[in-house]
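Chains here go by letter, A, B and C, matching the order in which they are written, and residues are numbered from 1 within each.
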Amino acid sequence: MSQELLDTLTSQDYPYGFVTDIASDTAPKGLNEAIIRLISANKKEPDFMLAFRLKAYKHWLTMTEPSWANVAYPPIDFQAIHYYAAPKTPPKKLNSLDEVDPELLRTFAKLGIPLTEQKQLAGVAVDAIFDSVSVATTYKEKLLQHGVIFCPLSEAVEKYPELIKQYLGSVVSYTDNFYAALNAAVFTEGSFVYVPKNIVCPMELSTYFRINTADTGQFERTLIVCEEYASVSYLEGCTAPKFDTNQLHAAVVELVALDHANIKYSTVQNWYAGDPKTGQGGIYNFVTKRGKCLGKQSKISWTQVETGSAITWKYPSCVLIGEGSVGEFYSVALTNHFQQADTGTKMIHIGKNTKSTIVSKGISAGRSHNTYRGIVQMNKSAIGAHNFTQCDSMLIGNRCSANTFPTIDVRNASSTVGHEATTVKISEDQLFYCAQRGISQEDAIAAIINGFCKDVFKELPTEFAVEATQLLGLKLENSVG
Amino acid sequence: MDAYLQILFRDGILVWENCPPFVSLRQEGDDVYVEVSEDQSVVGVVRYQTGGCIRWHVDVQKSARFSLISIQQKQCSLDDTMVVQLQENAHASLHWMVAELSTFTTKRQVDVFFHGPHSNFQLYGLHVMSEQASVETKTHLRHLAPYTTATQQVKSVLFDRATSLFSGLVHVEPVAQKTDSNQYNHSLILSDQARAISKPQLEIFADDVKCSHGATIGQLDRDEWFYLLTRGLSDCDAKSMLLTAYCQEIIDTIPIEDARDRMMHTLLRKLATV
Amino acid sequence: MLEIKTLCAKINETDILKGLSLTVKPGEIHAIMGPNGSGKSTLSKVVCGHPSYEITGGDVTIDGESILEDAPDVRAQKGLFMAFQYPVEIPGVHNGNFLRMIYNAKRKATGLDELDPLEFETFLQEKLKMVEMDDLFLERAVNHGFSGGEKKRNEILQMLVLEPRFVFLDETDSGLDIDALRIVSKAVNQYKNTQTGFVVITHYQRLLSHIVPDVVHVMVDGQLVKTGDKSLALELEEKGYDWLLT
């Protein structure tokens, strides 16, 4: 590959780097008990929620930041972050979109998420979250008619406290890790989904997170519960403006699936990744995501396309408890310029005849570092359990790296695990072949990379598979020579 | 034609016979230094009569070849480390089988540095373990030059409460283009109390390489076993045949016929007792 | 008209083409034969713009205009096609989609609208018949897991889809059994027309019994050293190349 081709533009600027000019209520920087009480008060939370936060905060104070991941970053000053920022108007509760600040509506429209009634994405309900508050949730009433609850978490705390008490923190406890504890203390907003017995949610649900205020952390918390024979498909999207400083995104996502329930959770992540020339700025995406297959024959699938963030550190995982339950993880992680990713999954098999599938495709370009880290564990009780893992890495250029660190641990005589990993390159011969057939370099790269990621893209909901394909093409424009 | 070097290890001391003049071999305490001169070729067989710990330092010069076959003659615990330096076009291989353990532990750590282009390393290990035996294999290959190649194949068969751990790191530097490095770790778990852990790892900094790893943990293939039964073999004989076939792939790589036969004999004897 | 004028090219400091000249007019079939290492495959790759090769002299023109500054895909749009000796595999890329993609790229380059999948399907069926391939072929990834014969037939299928002006068949017959050879030759002969020029590069006379050339050239050490009619191929078959090397 010629160096000049490798070096030519990624003049494809991050198109979401703009800042929305809107007045915000922002808590002073710093983290202490007073700030936590302020957050809880602003959200008018009941006592049990404040107690949840304070317990987590006290525990967080005893913990140290983990450093085992294959990512490097300067120390985070947790006292230099705003833990709460909300647009001044409109008021917290909205009865109709007419009450939403038009500037906010314009922001989401610019991001491709129109919220006005006429232009709402058909077939997709959207919960739009701007900094620390939910701005609007489309189709909420229609879903309620089907029995499906889809609302901001703060609203669920108020309206459905029993469900929150039962399930919040049941999959990711505040003791789990440093960032989970931090999130449990300061989480501001997120989505709550509850699908009752036998209901198949009639539309795709989606939450769109937008960080706007500088120096804020994004600590959203999402909880999805599906009762027996229920199912839902959920998509998470996110972007942030271009700031010179790094911003912390420490989210927690908990999924609970009861007997025969099915949860599909898809993420297309395009947080600002930092300046392509200097690596300055960009989001730190430190997320804990876990699904508990509590019920028999339940199923949880994680599908992620990670293209943004300065640093991505996340392992969407499944704990397979119910007999015959199934966990799946499909991932494309793309790093370019100075990005770093340490991502993967944990499949913990506890119940009999549980099954898991992992397909991970890592693409590294520029000066980036891309690591897959995974654990497949078959406990003694996981009789007849089965896993298959395929990890493939593609390197583009000679200044990046691809690492694979899987761990397979089997503790019984009836489970089977198969694991394969390969490295793949876009060869000069492949590019020449496509060029000789009249295909431009960009189109050829896009076709080859899509071929590489095909097994993951086909798991995304149709509406977003196309977006993901285009996103990958944009991100890698002119990185291959 | 390869020169044949025989080494015996007993009570912490190595003694050797037939050491060819182009091989420099000396022991200083637990450290053993081996150097094979340019263009020369030697196969060494080391027999462990007692347990212990040896730190091997192997230097294979340009276009030289060094193969080491490790045989444990008595049940014992071993803690071996081996550091191999490969110059241009050099070749080294390591073969071992462990099949006599009851409560013992075998630890083996192998570090290989591919300094020169076109150097090659191969590693073949076989563990057939029962009772409370445990084996730990750690390998770290550092590809530092272009056109280097490596193959690692480690297989374990675990009965009773035996455990095996394989941790293999393949590291490829940016300058090591056209590296072709593959590692495979397979374990058969034949008892609910046994445990296998596999950690095949890749750290790749060069974009034009072929690196792959494969790991499987499971049991004997049910279809194959059923096929043998339908041909009149007893359950016991069928399992024995399948296990032998599973292990044969590793034993067949041993370059000395005598050593191969000895290992096969040991394997069959072991399989008859479990 | 395709003109190659005293072309010199090297790869990694080794000179391969040493002043090769060749003119191919529409409708003509040229055969190039020669011993191994003569540079036959290099010629097609250099003319089609493979980035590993550096031009050190001479020119290549289509209708009088030089193409040496053009990228490979631009040269393809100008009507150059090469059937590779070793077609590369592109795992994960659907063969049917790939064919539609290259066809639409050509239509776009000539200012025409792209065909939608259904329209293209009709167009493609006719071409599939010519290489005796069925729809299952389209479902597989490009050349991935294809046998040698299937790969070569896929190359010819692409040629039929793109309808190029100048075709280089680079040792298309290597690795082919009798049936595959028959199918490939038949398809080429069906496509043969007064607007298209062919350069058939081969080591053996066998293919030239099926695709009959108008002119036969012998390439030795980066240059064309002898030119004759189709009987030259038979002479080479009988005598080998040695008599030309002195």
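By definition in this document, contacts are C-beta pairs under 8 Å (C-beta built on N, C-alpha and C of every residue); 3 or more make two chains touch, one makes a residue touch a chain.
Values in this document were obtained by computation on a predicted structure and should not be read as measured data.
*Asks:* Looking at contacts between chains, which pair has the highest count of C-beta pairs?
*Replies:* Here the largest contact count links A-B.
*Asks:* So which chain ends up in the middle if you average the CA atoms?
*Replies:* Most central by this criterion: A.
*Asks:* Could you put a whole-Å number on the gap between the CA centroids of chain A and chain C?
*Replies:* Whole-Å distance between the two chain centres: 48.
*Asks:* What's the distance between the Cα centroids of chain A and chain B, rounded to whole Å?
*Replies:* Chain centroid spacing, chain A to chain B, equals 42 Å.
*Asks:* Multi-chain contacts in chain B: which residues touch at least two other chains?
*Replies:* Not one residue in chain B touches at least two other chains.
*Asks:* Where on chain A does chain C make contact in their complex?
*Replies:* 2, 427-430, 432-441, 443, 447-448, 450-455
*Asks:* Which positions of chain B touch chain A when the two form their complex?
*Replies:* Answer in residue numbers: 174, 177, 187, 189-192, 194-219.
*Asks:* Along chain C, where are the residues that touch chain A in the complex?
*Replies:* Counting only chain C, the residues touching chain A are 45, 48-52, 71-73, 75-77, 80-82, 84, 87-88, 90-93, 98, 101-102, 105-106, 109, 141, 158, 162.
*Asks:* Applying the document's contact rule, which stretches of chain A touch chain B when the two form their complex?
*Replies:* Touch residues, chain A against chain B: 380, 393, 395-423, 425.
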